[in-house]
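Some structures to go through are shown next.
Paired with subunit B in one complex and with subunit C in the other, subunit A is shared by the two complexes that follow.
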Partner chain A sequence: MFSFTKKQETFDISGIKIGGQPGMNPTVLFGGLFFKGEPDFRFAEKNLQNMYNLSKKTGNPAIPDFFIKKEEYIEEIISFIEKNIPKNYPFSVDIIEPSLKIQTLEILGKKNLLSRTIYNSIHVGITDEERKTLKKYTPEMAIIVAFNPKDKSPDGKIEVLENGAHLTDMGLLDIAKSVGIKKILVDTAAMAPGDNSGAAISAIPVIKEEYGLPTGCAIHNVVEKSKWLNFFENARKTVDASSNINIPLFGGDFAIFGPVENAELVFPIIAWQDILISEYTENYFGIAPSNSHPRRKLS
Partner chain B sequence: MKQEYYPWGGEFTDCSPDGCVAVVLLNIEYTPPDKVAIYGSLRTENIGIEKIVANVISNPHIRYIIICGDEIRGHRSGSSLIALNKNGIDKQHKIIDAPGAIPYIENIDEEAIKRFRSQIQILNLIGVKDKKTIDKTIDDCIAKKPVSFGEPYIAIQIAPEAKVNLTDKRALHSKIIVDYMGKIKKRGE
Partner chain C sequence: MKDKIKTSVIGSYPTTINNIDIIYNYYNNKETKWDKYIENAVNDMTNAGIDLISDGQTRDPFIQIFTRKLKGCRIRNRTEIINKIEYDKPITIEDQKYVKKIIPENKELIGVLTGPFTLSKSCVDLYYHDEKKLAFDFAYALRQEAEILQHHVNMISIDEPFFSNQIPEYAKELIQIITKDLSCPTRLHACGDVSKIVEQLVEIPVDILSHEFKLSPQIFDAFKEYSFPQKICLGSVRSDDTRVEPVEEILKHVNKAINVFDGKICQIAPDCGLRMLPHDVAFQKLKNLVKAGEKING
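After this line comes the complex of A and B, so read on.
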């Protein structure tokens, strides 16, 4: 459990606070929707409600992360957001295909949803057209993925943030700022086992001390890629959910925890971990937990 | 055999060591027959492709790669592998004309890529999921009885240089130090 010398930024999006010194704000949890198959909106509605209820009980903010993989899904997913996400709540859009990113930003802009949008994500594959579109339709917040195909260590992750590691004309932080994004979250890019998977966690305190920016990752992806867990099928869900405690333990601020239906396990585990950290950081570093912290809600 | 011919590891199954075909599985539920040399799934257009390159040039008997199944959305890994075989990489290590989001080859040297492009012919079955069609393509390749490409080529994984020699036991990382309570500060400040 840590505390940082560097001043830590706390960003607000629609009332949710992300960042700060460990023990101050609860860990923010991103639950994913529509990763597999065709979007099942009824199933999503039920799971979304469940995640919000868990968030209310624990104090850990919940942000739905909408995976958009086909052009024909853009409109219907955005309509779903308009109907099912409370008007003052944020959400993130997780898109790989550059052309879909552009189309989605345009629609979010036209529907006045950008002030609640977390753009997931900016990485070294950013295109010129994507930059132009981000400038015109600027989301309130963006996740920068510190993936460096050459160097997966914390140093490599810093390199892409700082100067783009010769893959982009400037560092990813400067790219985000150049398009007008002021609230930046850093995702430390969890890699598969065998590809320095631990660096996604060890990079968290390094990046927080370097930049003071809210930092986290999708560490559960490493569990998904641990094929040997197939021999322990009963344990897989528990391992998947509990992998997320590494993030707050190393000072991180948010966890992208995978399918929203896993919220049932993830929220109590992280609330428990946040309480543990808060008791330590208040005693040793004088960091008082915020009013919505699980330590105030549950203990 | 895995140790001997396929030193880079990854999610693959090795079958016939003298087989001339490697099968790359995109989005598809299909198990190739044992007569192929190796098969496995491909997800990413960078590290995934590097592993395939390293693990086929290490076995000179492999002369064909068959890519099958639906393309990986966004990553376009199958098409990026085809682009690498056809065009190589530019000075920025980017696969020329690859449609993937981050198609950079950073951990394998140009010699290895050159060898890959000479040794391997790719058969593009992207979008094809029909077992019969894929099986027939495998049989057609085997029927050509291609000769071995010669000596195995063991690609060296390029490791980033370590810049700091750590002797400080409190160190969590080269850029920061942590005191006994857990207070972090930047190294050298």
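After this line comes the complex of A and C, so read on.
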């Protein structure tokens, strides 16, 4: 375990703290909803409640990550958020299609939800229209996906943050700042097995030491893309959930852990890992865990 | 019979990368292929009628194309040198093989190498703290690339824009590391105003010297002072100006050069790479260059 020499930022969104030195704040866990497209709201409601209960038990903050894949789902998913997410809780919107991102931002802005919104995500595919909309409807926090198609190593991830790898007119960090986003999280862009998948983990301490920004990834994506795991189907869920321990182990701050129904396994595993890390970092570096840390829940 | 003056490019060509496509590929676990960008650049050069075609250097700026794949380099805002420079694996070869497959048989291919001095001047040296040693290690690495490249291209062109600002006393030795005993012709492209360094340039062991004669016509006078063995690639349209030079203007420029150099002009080309120009302007410049070439060759 280690401590960073660079000052580490801790950002707050609706009372949830993300970032800091290892052992300070609990790992924030993003659980995905509606990844397959069509929303199943009854299923979502049940799983959401379960995730919040696990969060309360363990001390690891839970953030629902809403996939929006079609225009007709935007209004109903935002209505679901208004109805089912407690008023002081944050959420993230996870959208690929630029036109859907723009429409969603406009609606979130009109419904005064931007102060609770984590925008997932800014990457090399950002359009001019999206930038204009982000300036007008600026979310409280955004995730930058440090995917560099030219270089998938930690260095390549730094490059795309710094200068956009010459695919964008400026680096992704500057793009986020230029549209007014003050609270930036860095997602180290997990790749498929055999395609530098380990770089998403090894990039975490590199990026935190370079920028001091809260950093994490969706290591679940690596597991999901593994064909090798087809030989061990019974172990898939365990491997999937336990892969997330790499994130806090390497100093990371958040895990986008896949479908919300995986929360049952992921929360205790990560809480346990956070406890182990905290016990070491407090003894060795003097980093006291925050009041809500899983270690405080030990009795 | 008079040798044909060939039309050529220097290296880079404008390209528009589809970043949305790249990000969809990422989320769908697909590799982004660069072939279509190379093909667009190559098709433009072919359709304009250019004789000597490059791959368009669409992947990266001309420094990063090389430093991305050489050992000892780390890409940040600028490339940083963090260890000894060594050749790791082929850098441009696969793209050249691809271009060779898609161009008509009557077209020739240029393999472009960014020169060792320019690479050394463009990087932040955190390891050598010795510009000359760094430049020589870049040269040794580029030599290995050139040894493979010579089997896939019709000419190797070494791009050394930094020479016009500061040509090192070891320039000849440096370039010789790359060009010695290669089986294909070689060209040195040094853009900018080289009128003060012609004495050193004519010592460089390459077959062709390529300069920005259109932007810096004073270079004509500087060359008049010397006799030299190399042929000339004549910069004939500007690469820093969106005005498209009319065919007559290019003809006048080339005819002037033919009078000055008396049979030494073997290629006419843009002054430099066209990467920074709007796509339609770059294409029109190449078309007019070809029309001028046709008139000159008769």
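For the reader, a short list of remarks on this structure follows.
Keep in mind that, in the parts below, the second predicted complex is superposed on the first by the 297 of 299 C-alpha atoms of A that agree within 3 Å, B and C clash if a C-alpha of one lies under 4 Å from a C-alpha of the other, contacts with A are read in each partner's own complex, and residues count from 1 in each chain.
Methods note: a residue touches a chain if its C-beta (ideal position, glycine included) is under 8 Å from a C-beta of that chain, and two chains touch if they have at least 3 such contacts.
The structure displayed is predicted, hence computed values, not measured ones.
With subunit A as the common reference for superposition, the partners subunit B and subunit C occupy clashing space.
Ranking subunit B and subunit C by residues of subunit A touched puts B first.
Legend: residue contacts after superposition of the two complexes on their common chain; A:94 is shown touching neither subunit B nor subunit C. Of the two partner chains placed by the overlay, only subunit B lies in contact with A:4; subunit C stays clear of it. When the shared chain is aligned, no partner comes close enough to touch A:240: not subunit B, not subunit C. Shared-chain residue A:130: touches no atom of subunit B or subunit C. Applying the stated contact rule after C-alpha superposition, one finds that A:227 touches subunit B and leaves subunit C untouched. In the superposed model, A:70 makes contact with subunit B only, not with subunit C. Shared-chain residue A:162: touches subunit C; no touch with subunit B. Of the two partner chains placed by superposition, only subunit C is touched by A:189; subunit B is not. Put simply, of the subunit B stretches 38-46, 56-64, 128-136 or 146-154, the part that bumps into subunit C is 38-46.
In the three-chain superposition model, subunit A touches both subunit B and subunit C at residues 96, 98, 123-125, 147, 149-151, 155-156, 158, 166-167, 192, 195.
Interface of subunit B with subunit A (complex): residues 9, 11, 46-47, 73-75, 92-94, 100-107, 158, 160, 163, 172-176, 178, 181-186, 189. Within the complex, the subunit A residues that touch subunit B are 1-6, 69-70, 95-98, 100, 123-125, 147, 149-151, 153-156, 158, 166-167, 191-192, 194-195, 202-203, 205-206, 208-210, 227, 251, 280, 284-285. Residues 96, 98, 123-127, 147, 149-151, 155-156, 158-159, 162-163, 166-168, 171, 189, 192, 195, 225 of subunit A are the ones that touch subunit C when the two sit in their complex. Interface of subunit C with subunit A (complex): residues 17, 19-20, 22-27, 29, 31-32, 59-61, 64, 68, 74-77.
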